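Naming follows writing order (A, B, C, D and E), and every chain is counted from residue 1.
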Amino acid sequence: MSKAEAKPENQFEPKIIAFLCNWCTYAGADLAGTGRKEYQANVRIIKLPCTGGIDPLFLIKAFERGADGILVSGCHPGDCHYNSGNYHARRRWNVFRPLLEFCGINPDRIQFSWISAAEGGKWVETINGIVDAVRELGPFESYQKLNTIGPETSGGAADASSETG
Amino acid sequence: MEKTLNKNNFDSFITGLKKQGYKTIAPKKDNKLVTLDEIQDANEISLDHVITNNSIKEYFLPKTEKILSYTIEKNKVEMKEPEGFAVKSVIFGSRPCDAFSLPVMDKVFNWDCVDKFWVERREAVTIVTISCDKFDSYCFCTSVGLAPDAKQGSDVLLTKISNDEYLVETVTEKGENLVKELESVFSDPPSGTPDRQVATVEKKFDIGKIKPWLDDNFEHDVWDEFSHKCIGCGACTFVCPTCHCFDIVDECSMTKGDRVKNWDGCQFKMFTMHTSGHNPRNTQGMRWRQRIMHKFKYYVEKFDSTLCVGCGRCSRVCPADMNISEMLEIIETEAGK
Amino acid sequence: MIEELRKKAEELLKNGTVKVVFGYGEGSVPERTRPVFITKPEDVNKLTWNKYCVYNLTTYLKRQETRKLGKPALILKGCDARTIIVLLKECQIKREDVYIIGVTCDGVGDPLAEKCKACDVHTPLIYDDLVGEKRENKEVPFEERYAELDEYEKLEEKDKWEFWQKQFEKCIKCYACSNICPLCFCDRCIVEKNQPQWIDPSAHPRGNLSWNVTRAYHLAGRCINCEECQRVCPVDIPLNLLNKKLAKEAEKSFDYRPGYNIDDELAMSTYKEDDDEDFFK
Amino acid sequence: MSKKIGVFVCHCGTNISATVDVEKVAEEAKKNNPGVSYTTTYKYMCSDPGQKLLRDKIKEEGLDGVVVAACSPKMHEHTFRNASKKAGMNPYHVEISNLREQCSWVHPDKPTGTEKSVDLVRMMTEKTRKDKSLNPIKVPVTKRALVIGGGIAGIQAALDIADAGHEVIMVEREASIGGHMAQLSETFPTLDCSQCIMTPKMVELAQNENITLYTWSEIEAVDGYLGNFDVKIRKKARSVDLDLCTGCSSCWQVCPSKKIKSEFDMGLGKRTAIYIPFPQAIPSKPVLDREHCLLFKDARKKNIPPNDSKVCRKCLDICPIAPVKAIDYTQEDEIITEKIGAIVVATGYKELDDISMYGEYGGGKYKDVITGLQFERLASASGPSEGEIQRPSDGKVPEIIVFIQCVGSRDPAKGCSYCSKTCCMYTAKHTMLYKHKVHHGHAYVFYIDIRCPGKGYEEFSLRAIEEEGATYLRGRVSRVYKKGDKLVVLGADTLTGSVVEIEADMVVLASAMKAQDDAEKFAQKLSIQYDKDKFFSEIHPKLKPVESSSAGIFLAGTCQGPKDIPETVAQAGAAASKVLALLSADELEREPVVAKVDRLPAPIFSTCIGCFYCQRVCPYGAIESEDIKARDGSTIKTVARVNEGLCQGCGLCAATCRSKSVELAGFNDEQVYAEINSVEFN
Amino acid sequence: MDNIYRPYLMTISDMIDEAPGVRTFRLNFSDEEEGNKFQYQTGQFGLYSVFGAGESTFCIASSPTREGYIECTFREAGRVTKALRELNIGDTLGFRGPYGNVFPIEKWEGKNLVFIAGGIALPPLRSVIWNCLDLRDKYKDVTIIYGAKTIDDLVYKNELKEWDARDDVNLVTTVDPGGETPEWTGKVGFVPTVVEEAAPDCKDTIAIVCGPPIMIKFTLPVLEKLGFKHDKVYTTLENRMKCGLGKCGRCNIGCTYVCKEGPVFTAEEISKMPDEF
C-alpha cells in the first residue's frame, strides 16, 4: 500500500514533524514496524514522555524550521500512562488551534490524533493521510517566506523578501 | 539655492524621483496613525499631521539588521557580508527635529571607528524636510535649541508660503544635486521676502540650566518619584529619533545563522542584567535617570550636543503618560531653588 | 464622584489602613489621565475621575517599585477588578494585601472603548468600598460580547494571513503590551530566556509572529479583556483581537470566563473528561 | 554536555542493512554531525560482542556521549545504557535512533531509508550534545505485595511471594477464591480433578499468616508509583461478620429463596440468597446477595433501612453464634488503604456467555445448547447434577452429544479474531468425561483445526479419537434446529466432501475466552496498557512477558491473554519472581527522568513566579511550595519545588509553565529545541 | 568600508580545564596573515563568538609578549559560555578585538608591583603579570596575592607553581576559610585580610586589584590604610559589554564608556564615577 514507487519525480515531498507520546503512539509506530506496514518517509518523529508535555512553542519552532505539517499524537483519553496528560493536552489544543487558524494558518497543517500502542494500522493511515493532505496544500511557503532580515527590509515597513528562515 | 515647489507638482516630483532610481519614503496614513513608509505615487502622501508616529531613525538604524551571516559545517565556518542594505532613496516630508537627529547620531557612529551600516545608509539617503506649520503640546524643539524650520540635518528644506506653494531651500550639496536633477519640477524663487508660515513653539525650559543640575544630582529622589508610573517597556526609546542603543544576538538554525543588530533600550531591566543576576540599574528610577542623564549630560560631555531633538514622541506614545518635557521643567524648577 | 473618591482616599491614608492609594490624576493633556500614587493625605486632591481613566491600575501590583510603597488601596473599575480575582487565584497577591475602592463605571475612553460596549461589570464584582451608586450588572449575550471578532473570522484564510502579517510586521518588540498587562507578571519572561531562545528577539516578521502568538496564548483563559495591550501598542496593532479570540474559544469549549468567580478552577490548569475533541482524528 | 560522541550504527543482521546503507549513515554522521568524534557499524550491537565493542570504544576514544542507531529504544535502550554505565560513562548520555521499526522495516526504498536514517542519527547526536548527567533517585520500598484476583494465577503468585517471607494482600471480587479453575471438573492433560489440585493450595493460602485475604472486595483506586503504591480497597458489605461466623451452614439451609441462578454453576444450578458458591469455598463463610434477598428487596421497595423490614429474618434467627449474631444487615461497604510495593494483576478472563449471538447453533434458543464451562459444571461432582451428564431441559442422559469448536474464536466478523488456545484440549477432555460417564454415548466434534501443542497434548487428543471413539468431523456447522426432542445438527465434513446431519440430544459450544467486561476501566485505574481485545499488554512478549507498562505492576494468567492452566501457573511464578526481585532491595533506584524547578543564585533565586499552575496539573501531586527565606527569616518569594520521589516524569508541568522555569530531565528544553533545530529536510 | 563587527576566525589549538566549569582556550588565527598583523596590549579585552550561539566578552588572558596565539579563560554561565564548553580542539570560533585601554606598564617601570586577584578574576591580571615577568628587570619586586573559594577553584594551577618556584616573585595564595584541605600549604582567609597581613610597602609601589565587586569593596580600604594613594591602585571592570566599540550604549558608568575609556581604571577614576556598577 506504500505510495513510494507510484510518485512522479518532481512531486513536492512535504516535511512533517511528529510529536509523539512515548507510551502509546510511539509504540504504535513500532508496532507498524514489526508488522512491516510500509508508509511514506516524510515524517520525523520527536519522542516525548506524554502529549501533556508538548508545548505549543514546539509547534511554532517546527514551522520556523521549515516543517510543512505537524502531527501531535498520543494515548486515547483515559489511556494516558500518567492518567491525565492527554486531557490537559487536549484542552491546550482546544484554544491554540483556533488561535493559529485566526491568524491565517491552515488548520489542516496541524493534525491531532489519538493512536494507542495497539493501533499500528491507524498509525500508517494517519501518516499517509497527513502526508497526502499536506502534499495537496503544498509547501508552507507563506510561513517559510517570513524573511529573517533581508537587506531590503532595512527600511521601516518591511516587505516580505525571498530570504527563507 | 532657493526655489519654489507647487503642491500639484508633487506628483511629477515623485515620479521624477522614481525615474532617477530613488526609492521614495513619505508620511502615509495608516488608519489612526501617520507613518513614514515607502510610497509609489504622490496621492499617498498625507501632510496634515503634526509629526509621523515612527521617526526616520528606522531608515538608518533599522529595528533589526543583519550585520553578518555565516554557514556552519562540522568545524568549518564561512562568513558572508550583507550587501545592498543602503538603498538610494529620498525621505520626503520629514520634520526638522527628525532631520537634526542624524547629525547628532553621526558623532557616535563615527566615534573612533566607523559603523559602515550607518554611514553607507546616510550617504544613500537624501532628506527633504518640510517645516512645521502646526505643533501640539508635546513639541519642545525650541527648548533644545532647535526651531520648527531648522535646517540642520536636512538636505532640502520646504517651507509653506501659501496654501499650495512651498519655498525650497537647499541646505547641502546633496540637496542641490537633487534639485538640479529634477530642475523641471521647481519654479523660480518668489520675489521679495515670502511670508513663511511656520509654527511658533514657545520654550518650556531653559536647556542651560539642565546639565549643571544633573552634574550633581545623581542621587535625588525625583528619579524614583517621577518614574513610579513607568512600566519599563521600550516604547519611548524605540520611537525616539536619537535613541541608538542596540543589542547584538545570533539567530541560527543548525547549519546557518545571522548575527543581528536589534534595537535595545535602557528602560528594559534586562539591558544591564549580568548573567549572575546582578543588575547595576536594578530599579526603574535608576533606568529613568540613565535616560535623562545620557541625553542631557553624558552625550553633551562626550560629543558636545544634546541627544534630544524635542520631537515629543516619547511623551505621546508613553503608556503611563511620562512626559519628558515635564521632567525637564521639574529639573529646571529644582535648579532654581 | 471625585469628591467621594478623595474623601475615601484621605480617610484610608489617615487611619493607616493603607500606605498608598493608586488612583488617576491629571494627564499631560486634558484628554489624558495618568496613574498617581498618593502617600500623603494632603495630596488626595490630585485624584480625579473622568472618562479618560483607562488604566488598569492592578498592573502596578507586579512592579517592585510600587510594591515597596506599602499596602495599596486601588481605585478599580469593574473590568480592572476582575484582574484581582485572577491574581488571587494565581497566588500573586493575598486578599488582605489589597484594599479595593470599587467605582461604578459607564464606560471609559473617547471614543468609547470597545470593551465598554458590551460591558457586564458596570459595578465591580469585588471591592471593599464602592463609590458611585450600585448599578445592576445585566447579562450580555455571548454573540454580542464577541461581535468584534465576526468580521475577522469571516475572512478567507489567505486574507487572514495577509491582515495579520501586515499587523505583525509593524511590531517593534518594545514589549509595552506585556509590561502593561497585569497578568504578564513573570520575573523572566520566556522571551527574555536564551537557553534555548524559543522566540527570536529580532523584530522581523517571523520573530513578531511567534512573539504575538505566544503572548496571546499565555493569556488564554486568563485575560480579562481590559484592552490595555491594544491601547499602549505604539504601532497600533489590534492585539486584543487575539486575546478576545482565545477568550471566546475558552468560553465556548470550557464554559469558563476568567475573573468572574473566585472558586472555579483556572481554565488551563484543569480538564473535563468530555472536553470536545471534534478536531481530533 | 557531550562533545565527544560515538555513533554506533547496527546492521541488526539484515533487518536494517537490507534497506538502509549503514556505512553511509555512519560516514555522514562522522562528516557533518558536530560533536561526533567516532563512528562505526556492527552486525549485532545488542549482542555481547556488540556491547563489548561499545564499552571498549567508550574507554579508548574517551567518549562522553553515545548514539546507538539500531532498533526501538523500547527494546534495548536499557541494555545500551547499562553497557555504557559499566564503561564508566553516565548512562543518560546514551540516545537511541530508531532505525529499524521506524525506518528500515517501513521504508523499503533504500535511498529514502538511508536519507531518513541520516536525519534520525543527526537528530539524536544533536540531542546527545545537550544531555546532562543524571543519577538514579533512591526511593524506599514498601515490602508488601498486592495480588488482584484469586484464581489459580493469583493464588500461585501469592503463595510464591508469601513463601519468600513477604506480606501479601489478596483482593478477590467473588465471595470465594478459586476463579474459573474451581468450576472445572477435571483438567487436561493429566485428567486429575481441579478440586484436588486447587483446594490444598486455597487452604494453604488461607492459613498462610503472610497473606491477608479480602474476598467480596474490589480495587477502588491505585495511586503512587513503583515501590510506594497507595491502594484503596472497597470491602463490599457481606452482611456476614467473617470473624464470628464458623461456616456451620445452618443459615443457607433455611434461606427461603432457593431459585436464584448460581453464577458458579453458570446458571445451570440454583442457589439461595445467603450462600457459599461451592462446597470447598475459601473462606467457607457465606455472603448475603442483597440483590435477591427478600428482606433487602422489600426494604428497597419501601425505602426503609433493612433492619426495619420484617419480611424474612430466617438466617438471622437461625444463626447459632452468641452473644452477637454473625449476620448483620446493617454492614456497609468499607474502604481500606494499603501501602504496597508491587502489584500482580491476575484478574482472569470471562467466557463468551452471550451465545445468543450464535443463533445458527441454537445458542440461547434451546436449553440443551450449552457452553464449555456449563458442560464442565454438569461433569463436576459439585455441579448441579452431581457429575451426572444430564440434559438441562429434561434431565435425560444424552445418547449423542455434538461438540462445536471455535465458537466466537477465530471469527473476526462476530466474535474475536484470536484463537482461545484451550478449547481443542478441553473439548477432547469433554468427549472423554462423557464416554467415562455414559459408556454407550457417542460424541461428535466439528472442528477447523485441532491445536494441541503442549507437552503430552497431541497424544491426549488422539486418545479421545482412537481410544474413546469420538468422531472428529473437519468442517463447520451450518445450522442446529429442534426436531421433536432431538437437536438436528447440519454440518459439513470437508475431508469426505459430504454434508452431515446428526440428530443429537445435546450440543456443547466451545465458546471463546474473552477479557473481563470491566478490563478497560480497570486498566485505566492502574494506568496500564491494554490491546484491542482489552487483554492487558505486556511490555514485550519475549523480553518482558510479565511486566505491564507501569513500573511495579506485573501481569499473570488469562487477564494478559488466553492460555491454559500450566502456562498460567508458570506466568504466576514469573510474576512472583519479578515482585521478589523488586522487594529484595531496601531502596529502589528510580529513573532520574524527573522534573526540576530552576534555582539561581541571589538576587533572583528562581525564575518561578509561584503561580502554581504546575502544581494544579501534576497528576501525582509531586509539586510543593517552598518559601525562599532571606538571612533575617523573611520570605523573599514562594516558588514551586518538585518532590523527586513522587514525580513520574510526564513533563506536564514543563509544558504548562509559561516562563519555562521547570524542566524535565532527559527531555529538557535544550534537548527538544536541538531535535527540532536538527531536522534538516533535504 | 570594512565591517567593524566582523570577527577574526580562530581555531582552538589547546584546551586546559582550570577548575570545575572553568576552561582556558589557546586560539590561533585561522588566517595566518591576519594573525601576523594582529597587535594587542595587556589589559585589553575582546568579544569571543561561538557561531550558532552568540558573542561574549572576556579579557585576553595571554600576554602580548607571547607571539602567535591568544588565550581566554571563561566560566560556564550563560548561553555563549555553555556553547564554548561544547567546542573541541580544532573547532572554529570568532574573536573581535582588541578593545579598551591598557595597563600602563611603561609608567610602572622601576616600581614595585602588587597584584591582588580573587576567584575567576585572575585571567586579566595573568596577562599583565606575564607581560611584566617577561620584562622582569624593568620592575623592582613583584608580589602576587591570589585567593579563591576552595583549592580546586584556583585557576592556572601550574603557573601558580611556576611563579612560586621563581625567586624574583613573591606569591601568596589563599583559600576562603573552610575551603582548605590538610595538604594545603598556602594561607587560609579572605583576600582583603591576607593583603592586610602581607602588608606590602606602599612606597613607590603600584597595586593592581581585580575580583568580584564584594572583594574590591573590602580590598580598596585596606590598601588605603596601607598608604596606597588612589592613583596608584589599578583595577579592571568586568562590566556587561556588547559591541566593545562605544556604539551600543550598554557599558556606561556615568559618562564613562567602559569599553572605550576602560576596562582599566585607577581607583581614583572609579571613586569619581557614580555608584552604578
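Brief remarks follow.
The definition used in the following text is that contacts are C-beta pairs under 8 Å (C-beta built on N, C-alpha and C of every residue); 3 or more make two chains touch, one makes a residue touch a chain.
Being a predicted model, the structure only gives us computed values, none of them experimental.
Chain centres computed from CA atoms place B at the largest separation from chain D.
Using the average of C-alpha coordinates as each chain's centre, E ends up farthest from chain A. The chain pair A-C and the chain pair C-D differ in C-beta contact count, and the higher one is A-C.
A comparison of C-alpha centroids places A closest to the centre of the full protein. The distance from the centre of chain A to the centre of chain D, with each centre set as the mean of the Cα atoms, comes to 33 Å. Between chain A and chain B, the centres computed from C-alpha atoms are 44 Å apart. Averaged C-alpha coordinates give centres for chain C and chain E that are 49 Å from one another.
Measuring from the averaged C-alpha position of chain D to that of chain E gives a distance of 66 Å.
With touch defined as above, residues shared between interfaces to two or more other chains in chain A number as follows: 61, 65, 78, 84, 88, 92, 148-149, 153, 157, 165.
In chain C, the residues touching two or more other chains are 190, 194-195, 197-198, 200, 202, 204, 268, 270. In chain E, the positions touching at least two other chains are 54, 78, 82, 88. Across the complex, chain B meets chain D through its residues 72-75, 253-255, 276-279.
Those residues of chain D that touch chain E in the complex are listed here as 1, 3-4, 34-35, 37, 129. The touching residues of chain E, counted against chain B in their complex, run 1-7, 9, 49, 51-55, 77-78, 88, 90-92, 94, 213, 239-240, 242-243, 245-250, 252-255, 257, 260, 274, 276-277.
By the touch criterion given at the top, residues 30-33, 35, 53-54, 63-64, 137-138, 224, 227-229, 231-235, 237-239, 247, 249, 251, 260, 262-263, 265, 268, 270, 283-285, 315, 317, 319-321, 323, 326 of chain B touch chain C in their complex. By the touch criterion stated above, chain C contacts chain B in their complex at residues 27-29, 32-37, 55, 59-60, 63-66, 69, 172-176, 179-180, 192, 194, 197, 200-204, 207, 228, 231-232, 234-236.
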